Structures are given as C-alpha cells and as structure tokens.
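Shared between the two complexes below is chain A, which pairs with chain B and chain C, respectively.
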Partner chain A sequence: MNKERRSEILATAPSFLWLAMFVLVPVLIIFAIAFRPALPAGGIGEGWSLDAVRSLAEPAYLSLLLRTLWISALTTAACIALSLPVAYAMARLTPVWRSRVLLLVIVPFWTNFVIRVFAWQQILHAQGYLAELLRGLHLIGPNDRLLGNLGAVVLVSVYTYLPFSILPLFAAAEKFDFGLLDAARDLGAKPARAFFGVFVPGVRQGIITAFLVVFIPMLGSYVVPDMVGGTGTQMIGNKIAQRNFSDRNLPEAAALSGALALLVLAPMFLRRKEKPQ
Partner chain B sequence: MKKSRLPFATLLLVLVFFYLPIGFLVLNSFNNSRYASKWNGFSTRWYERLTERDDLVAALGNSLKIATGASLASMVLGTAAAFALRHRASKLQDAHRLLVAVPLVLPDILMGMSLLLLFISFGLKLSLFTITLAHITFCLSYVALVVQARLQDFDFNAVEAARDLGATKLQAFVKVTLPLLAPGILAGGLLAFTLSIDDYVITYFVKGPGSDTLPTLVYAMIKKSKDLPVINALSSIMLLVTFAVVAVSQRLTRPTPSSI
Partner chain C sequence: MASYLRFENVTRRFGSFTAVDDVNIDIQQGETFSLLGPSGCGKTTLLRMAAGFDKPDAGRILLDGKDITPLPPDKRPVNTVFQSYALFPHLSVRDNIAFGPKIAKWPQDAITRGVDEMLDLIDLKAHAGKKPAQLSGGMKQRVAIARALVNKPKVLLLDEPLAALDLKLRQRLLVELDAIHDEVGITFIYVTHDQGEAMSISDRIAVMNKGTIEQVGPPAEIYEAPRSSFVAAFIGDTNFLDGRVTEAIDPRFSRCEVNGFGSIVIDNDKPVTPGDRVHLSLRPEKLLVSREQPSSSDLENAIAGKVEDVIYFGSHTRYWVRCGEWRLCAEMQHRKYQLDEQSPKWGDTVWLRWHANDGFLLEQYRAEDEGLLTLPDEDS
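Now for the complex of A and B:
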C-alpha cells in the first residue's frame, strides 16, 4: 500500500507540478494583476487599485459581452444543427465507409487553423470570385461586402468548429439503437418526427458535449473576428488583445481575461458538482 | 424500409464545405496572377519565390525547434500523467485529472494571456524558450488524453508475465510496457507536434520581438496583405505535410491484429 502510494505520487508529480506552475498559478495571476494599477508607459504599477475592475462596468463592455454570447450561441447552434444529420448519416454507413468519412472529418482538425481562416478570407474577399458571382446575379449590391460582418464571422467559425461538434455526436450516434427508429416508423411516425422525437433525445449526451466543445472556445474567439470580421463584430478576445498589445494596459487586459475565465470555467465546476448525483 | 436521404445529402454537403476552401487555396497557389479573382495561367513562380524568403525559412526553423522540444517533453510528461491517472479512487488523482483537463477547455486567449502575465511577473524574457514552455503545457494534456485511451485496452498480463519471470519493475516497464505502448505515445507526440506547429494565439501572446514562428509570421503577412500568393504556396506545402502526418498517425493508432 505504502509502496503503491509512493509510486503513484512519483508518477503524478511531474505533470501535476508542471500544470500547477503553468496553468493554475498563471490563472491566479490574472486575478491578482486585475487589481493592480496601470502605468502610463505600459507596465504594472505597485500597490493595489480597483481602476481596471471598475472599468468593466462601462456600458460598452456589456454590449461586448452580449455580442460575444450571441456570436458564440449562433455558431454553436449552427454546428449542432449540421452535426446531427451528419452524425446520423455517418452511423448508418458501412464500417469501411464510416472510417473513411471519419478520417475526412478529422483531417481539417489537423490542418493549420490560420491557413483555413486565410482561405476563407480570400474566398470572401471583395474582389474574389464569390463576390463577383453574387454581384453578377444581383444578389448583393456593388458596394456590399462579404467580409467584415456577423455572417462572415459565424460562417468561418462554423467552418473551424464543425469537426469538434461532429465527433462527439458521431460517438453518441454510433451507440444509438437504430431499431428504435424503425419501431417509431412502424408505429406510424414520419421520418422527421422519428428523427426529432427518437434520435435527437437518444444522442442527448453527445449534444451536451458538442455544445461545450464549441461554445466554450467560441467565447474566447479571437482569430476569426480579427481576420474576417469588422468593428461591428469585435468579441471579448479581440478586446483583450487590443488592451494588451495596442493600449499596453495590462491590468485592464487582466480584468477582462478574469471575467472571461469566470464565464468559461464556472459551468465546468458546476457540472462537476452535479455529476455525483 | 424507406431511408431518408436528407442526412446523407447533408453529410456530402458538409464534406464539400470542408474541402472546397482548401482546394481553392491549393489551386490558387498555381495561379500566375497576383490576385485571387483572375486565373492567369498555371505557374509555379510563387513556390520559387518561397525559396528566396529568408524570414519564412527562419520562422520555419523556429517552429520546428519549438515543436520538437514541446512534443518530446510533453510525451514524457503526458505519458507519466496517463499512468498516474490510472490510480482511480484517490483525491490526488481527482485534482490531477482536473488540472490535465483545464488546458483542453481553457480558450487559447486565456492561456496565452495568463502565461504572458506569469512570465512578466517572474521577469522572464519572452523568447523561443517561453514559447516552448507554453506549448509543452497544452501538448501535455493532449498526449495524456491519447495515451490514456491506449492504456484502456492495454493488456497488463504481458507485464505481469514479465514480472513473474523475474523482471524487476523497471525492467518490465522499459522492456515490455514501453515497447507495447510506443505506438500510442508516438501518436500522442505526433498530435503534440502538429498542435505546436499549428498554434497561433498562445504563441502570439508569449513570443518576444523577433522570435516569430511560421503561424505568427504568416498572420502578420496576411494582416498587412503582403505577398498573399506566396502564403498560398506556403499553405499548400503545409497542407501536404499535414496529410502525410495524418497518414502516419493513422498507421500508428490502427489497432494491431493481435494485442500482443
């Protein structure tokens, strides 16, 4: 027992200490620096101050928070809405095709994120083929832009996060008993009714996981709104970067980060508390 | 029984949606024109231009150095973590599991910001070294995840057989456990390597001036709308490398015909 315990501690120590040093301590430092004064030259001052935390009460931050929640919610809803039929179809494929399609879904996850967003930036570009085509069809006006708006941010966000929501839903769909769907149809349910009444509740756990793996990283989104969005689609992440790199106000950047951390980590701890029941 | 075709149509559309932008980018990298909206004939001149870019070569060198360091360190730390997490019913492992999970759920921007504040607080100069420290941190969790999955269907009878035949604990670990687990650890390392090469946000926060990696340099070029066709060519090469890595990784994670 004692020997067992010692080997457990020995195996745990390296990763535990590393993560304590480079995850736990840094997150705590965010909250500490949020209460420090900012120096005009861009440094962190001595002593304590409530300036940075108080600045969060500005009305502009409320609309920033709401916009972040709205863009994240739209993206998550679109991802789940697309992933449900995709997971259904994948689970009904033959095993050989299933693993082929699974690979096709996973490959984008491995490819460079910046490159994928860049590809979209070029597609949606004002002088790109797509804009020319839509202009030719008179679907958009000569001065309308495909970039810089909410639609572009949500579209490209869905593109980058869709594999993340397909995978947990596929895992759930694989375990789903499709005999239940046949039974529902035998009892006279239309396909759509069977899909929403039997399949969707059956993969509920997958939907919850998909929600978490898309919604939480979306709250901290930064690259997509920076590259394909505009001033009207700024999210919390963009503001943190701006405070940090342009304004050189580290305490305000820290205060914003602290607020985002609470927003992101609170559901995680609540979920853990619920689990034992 | 009548099957609805709608889900299959959605699946097909989603796959097209996934690969169309990538295909467009590769196609455009051979476009002679400087602008993406006109096809001006086939050309490899953007690829030739790549070889003249010393800054891209230097950034690639930095990326490879960091990814090598981060994947090696995270393979060791992550494998140790996966073994430790097998001790299920202990308070220590509950805390450990939570710590391993945090980098997986924490948005990149918070990880970058918090590590930047850590390095500033401790007076550490931002450099390739600080980037590597940051990369080890998130790679560790992914390696732990991959190795843990492999450990779940690992046959410990082989290890016990070795012990029964007189091997010491260390001998059994080095001669039996590690070789059997090697494909899993390597797959984790490969994932770590890709994640490290791929990372932009965290790197951007903890990199010092002049220590650009490939993604941070490319990002800066995109923001300045500078040499976009060259980025197309570079991206196509990176995509090709990624596909090769995925192929290797598929080999490693494919279940072996017999478990021993």
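Now for the complex of A and C:
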C-alpha cells in the first residue's frame, strides 16, 4: 500500500465510520426488525417471523405504492419543468445578478421547513384569503377545497423541492456552451427547438441529478401529505408513521421502510450506469 | 458587377463603444471575401450581423437584393462556421450534419444523401458515428464546415475557423477550405486576424480597424498598395519614411527630401506638389542589401547604413540597418546556397537600394500605427 493510498483511507475514515454507524447500521436494524414478530402491546418479540414481510402483500399497498410513485413523479416533473427555464435564465445573467438570484433561491431555507408547510396550510385554508378570492371570482365552487387533495400535496411539494432541482440544473447550465444555441438558430432552429433540442440535452446530467434529489426524497415524503393532504393522498411515509405510532406494529413499519429503501436504491443504480460517460 | 451581399451604412454600438462605424461593403457572388483586422476591430460583429445574431443600430444588410436585416438567424439563407466549432456534443457526426436538413424537413433519403455527400467532401465517412468529443480539432472543424455547407447556404460565414488549431494543421485546412470553396462555389466570408490566412484564401480582403474599413481589395493590392499606414503595418511588415516633396521630376516621379539621408526619388502614387509632406511605405523585401555601393540610376535610391541587428529565418534574413535617424528593416531572400555567401554581419556598413516604384506613398498616416511594426529594442 503506497503512502498516498494510506492517507486517502485515513482522510475518508471518519466520514465512512459516521455513515456506517448512523446510516448503514440503522438500516440493517430496520431490516432485522422486519423479520421479528410483533407484540400486541407494541413491542418487538423474540425469535424470527415472516408475518411482517408477508403483510407487504396486502393489496392496499399496491395502490399506496402507485399513488406514492404518481405524486412523486408529478412533483419531480413539475420541479424540472419549472427549473429548466430558471436555470437557463440564471446562467445567462451577469455574475452580479446571478449571485443575487441564487441567494433568492436559497432564502426559503432560512425558515424551518415545517413552518413553511404550515404557512401553506394557512394560505390554502378554506377560510383563507386565497380560497375566498377564488370563490369570489367563481373560479372554484362554494364547496371546493384547496386543501386536503392531490393538488395541494403536489403544489407544496413542488414549492419545497424547487430549490433542490434549480441548483443542479443551474450548475449544469452554467457549464453549458450557449454558443451551441447560436449554432442551432443558425442551422434554422426556432428558439423553442434550440432550447429543447440543444439546451435540454446539454444539461442532461443536471436533469438526472435534479430527478434524483427530488424523486427519491419524495418517495419517503411524510410531512407534506400529512399537513396539507387528505385521506386520498396518503403516501408510503404516512403509512409507515401510522404503523409506527397508531398501530404500534414496529415489524410491519420496518418491513414497509425496508421495502421503500430498496425501492429508492433502484434509481441509484440507474445513476451508476449513467456515470461513466 | 452587382453585389450579392451588401452592408449598407451599417453601424453597431455597444454602450459608448462603436464596434462598427458606418460600414459599406459589397461582396460578389462566389468569391471568398475576408474581413481582416486586429481583435476589437468589428469584424466579428459584422459577421454576427450577417448571421442574424446581432442587429445593426443603423444601416441594412442586403442579400441577393433582399433586405435581410430584420430576419432572425433561422430565417436567413446563410450558415456559420464557429470559431469554437459549436458542434452538438450529444449528437454523432452524422446527426450534427443532419441537424439543419432535419429542421428544414428534407425527406429522409435526401437527408441521407446530403449527409453522405458532405462526409465524402470532408473525408470523414469512417467517423460518422463518433461523438464530437472523440474527434481531433481538425476533424471537428471539418464537421463544422460540413454541418454548415449541407444546407446549401447562399453565403457561408467563417468566424476565425482555424484559430484554435496548430500551425501545420492550419495550413493544411486552409488548402482544404480553398478546395471546398472551388468545389461548392458558395460565397465565403472569412473573418480572421491572421493576415497570412486572409492573403492565401481570399479573392478580396477588407482590412478593418476600429470599426471602419481601411481598405478593400485583392490581396496583392492590399499588400503592395496600402492606402493607410495601418494597412501597410498590419499586413506584413514595412518601413515608414516621411519627407517633403522638393521637386516634380515628371508626372510619374518626384524628388523628396527625407531628414537624415537626403534626397530620394518617389513614385507619385497619389498627386503631390512640391512642399507636400508625404509618408512612404517601404517593404523590407524591396530593399536590396549589398556591401558595395551600387551603381545607381536616376530612379534608384541608394543609402548607406550600419547593420544593427540580424535575424536569420532560414529562407531569408532580416537586417535592421541604421541610416542616420532611421532604422530600416531589410529582408534578403537566400536564393543561393547561403553558407557560401558572404552575408553582411552586425556592425558592417551596407548599402540599401530600391527603385522609386518599389515604395508606396500612403494616403493616410497615423503615428500610432508604427506600434504594429516588428522592431527589435533600440539598445540591442
């Protein structure tokens, strides 16, 4: 082992140990709990059991999974669609304005996430100004609600994750050679064609990163559907919480969590394949 | 001859900076026309306005009699070869070339045929499936040319297309480019800061300086008969002499007094009368260097000086010769086996001789253009 290699190992050891202790070990514990029997009082029993894992076959879980994927996909698509023009515009700004706008993108992080979602709860509230206004303009009926539905969950999720998709796309757009758009226009492409035919493929790596940083956390989303969603927008995260806190069935909660973790790993492998380019 | 591409009183300002100042150019169909000048002279701005990436603040651009000034780039029948190539990195060579035809909605078989033709032209058929990142600089440049030419543009705009390549490759591609031009017969507008490139490829050259056209003409005319000190100094190298006309010998020649070495004979390249102050450009290769005093005739000038600097270039040698207050650069071609020759050395006294025809009277002289000349340090 040469010296460079040794110092490399020494330098990465702390973070490696940290991740092993607080990520890998807990995940393994969760997987282990999934194979334990549940005690009626909420505890974890002795010995091994496949009951919790078998409970994953419950038909209701399939629609839960599909709904989770659907909400996550909608949110991710909306985030990327909104972030692409933002990233494009930011990359074309002068450096001074670019850092100002970048600050604006980051500003929401100064307020706690739960408080921001709570604020949305107020904005979308049935007696809130927005609902009153829309009702007054007859854009929604007297019994329509802005809160407690899929629209609210996606809207607030998009709001929450938008900075996470803007930043990687901006990083990619910053490296993009805008001369290529000139070339596309020169070869007869209209602005939209140049944008989708040249700019979008040009920031492909940014799109993949944005997809991962939005889609994966969305799969485990819990707070947003809990606070602005309703019964029809329950996601896997809410079900895990329910198994944990209301049903007091830790093995079933662990089995669901483990399944979700495996689900999340799938797109990560996608990324792996993408990397060598 | 009617002009094909015409810049009519074109002006372009960026803030308080005037990049292009009331420029008029007429370019003929099928010619290779160069815009030559130092960086910041406005040549690229002019090209971008022809392509449609930039709009003039005043004036208009006509192509084949039609005003194209208001048209966006995608509506103009011109294509550009960019300095940075600007190949689409996510597309193969074939798809890069097919980009224009696909947008123009050519039928599929026409696209295939057109692209194949281009691949033959640039000799890259074997690399058609590669991505730009897998190509060398020279190949990329050829793909960029093919990608533009496949659209059969009325004018091909080339923006310093060879600037990013090394010298040998540049020379080879220049020959190739010339051959391509002969084959396709499309009007080329070639932007460059390299006078050698411009001289070798162009039918005509427009020399630009500070947003204006200094002179337009065939390469030889630009070189031999520069109108201004800028053109004389920017294209090749030269010596500037200034003097006062003392006597009109006949309609063609005058006698002129130059401080420091007396009277010389000049050609009346422009009308002069005794008493006029004139500026003369004398190309180094027009000066004959000899160790013996030459027998001079009426129209020959000969002055003595001391060699101050010698630079050997292989095919020729440059001498800097001190003649009174002047330091003249002379160039001697080695047309014989040079090691046998007794060439002048540092400190030797030599004679410089030139015919009155070989100098050229400038219409316009600016002292700042002396800065463009290559001169060794005074104390060397």
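The working rule: the second predicted complex is superposed on the first by the 250 of 277 C-alpha atoms of A that agree within 3 Å, B and C clash if a C-alpha of one lies under 4 Å from a C-alpha of the other, contacts with A are read in each partner's own complex, and residues count from 1 in each chain.
The rule is simple: contacts are C-beta pairs under 8 Å (C-beta built on N, C-alpha and C of every residue); 3 or more make two chains touch, one makes a residue touch a chain.
What you see is a predicted model; the values in this text were computed from it and never measured.
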Ask   = Taking the superposition as given, does A:Tyr88 touch the first partner, chain B, the second, chain C, both, or neither?
value = first
Task = Figure out whether A:Val27 sits in contact with chain B (first) or chain C (second), or with both, or with neither.
result = first
Inquiry  = Taking the superposition on A as described, I'd like to know which of chain B and chain C A:Pro201 touches: first, second, both or neither.
reply    = second
Inquiry  = With both complexes overlaid on chain A, does A:Phe170 touch chain B (first), chain C (second), both or neither?
reply    = neither
Inquiry  = With both complexes superposed on chain A, which partner does A:Arg185 reach: first (chain B), second (chain C), both or neither?
reply    = both
Request  = Could you tell me if A:Phe211 is touching chain B, chain C, both of them or neither one (first, second, both, neither)?
outcome  = neither
Task = Please name the chain, chain B or chain C, that touches the greater number of residues in chain A.
result = B
Request  = Please work out whether A:Arg193 is in contact with chain B alone, chain C alone, both, or neither, and reply first, second, both or neither.
outcome  = second
Note = Footprint intersection on chain A (chain B / chain C) at 182, 185
Note = Within their complex, chain A touches chain C through residues 177, 179-180, 182-190, 193, 198, 201-202, 204
Message = Please output the residues of chain C touching chain A within their complex, sorted ascending.
response = 51-53, 72-74, 78-80, 82, 84, 86-90, 99-100, 103-104, 147-148, 151
Ask   = Which part of chain B faces chain A closely enough to touch in the complex?
value = 1-4, 6-8, 10-11, 14-15, 17-19, 21-22, 24-25, 28, 35-37, 76-78, 80-81, 83-84, 87, 90, 92-93, 95-96, 98-100, 102-103, 105-111, 113-118, 120-121, 133-134, 136-137, 140-141, 144, 194, 197-198, 200-201, 205, 215, 218-219, 222-223, 228, 231-232, 235, 238-239, 242-243, 245-246, 250
Request  = Sort out for me which residues of chain A touch chain B in the complex.
outcome  = 8-9, 11-12, 14-16, 18-20, 22-27, 29-30, 33, 44, 82, 85-86, 88-90, 92, 101, 103-108, 110-116, 118-123, 125, 127-129, 132, 159, 162-163, 166, 182, 185, 191-192, 195, 212, 216-217, 219-223, 227, 237, 240-241, 244, 250, 253-254, 257, 260-261, 264-265, 268, 272
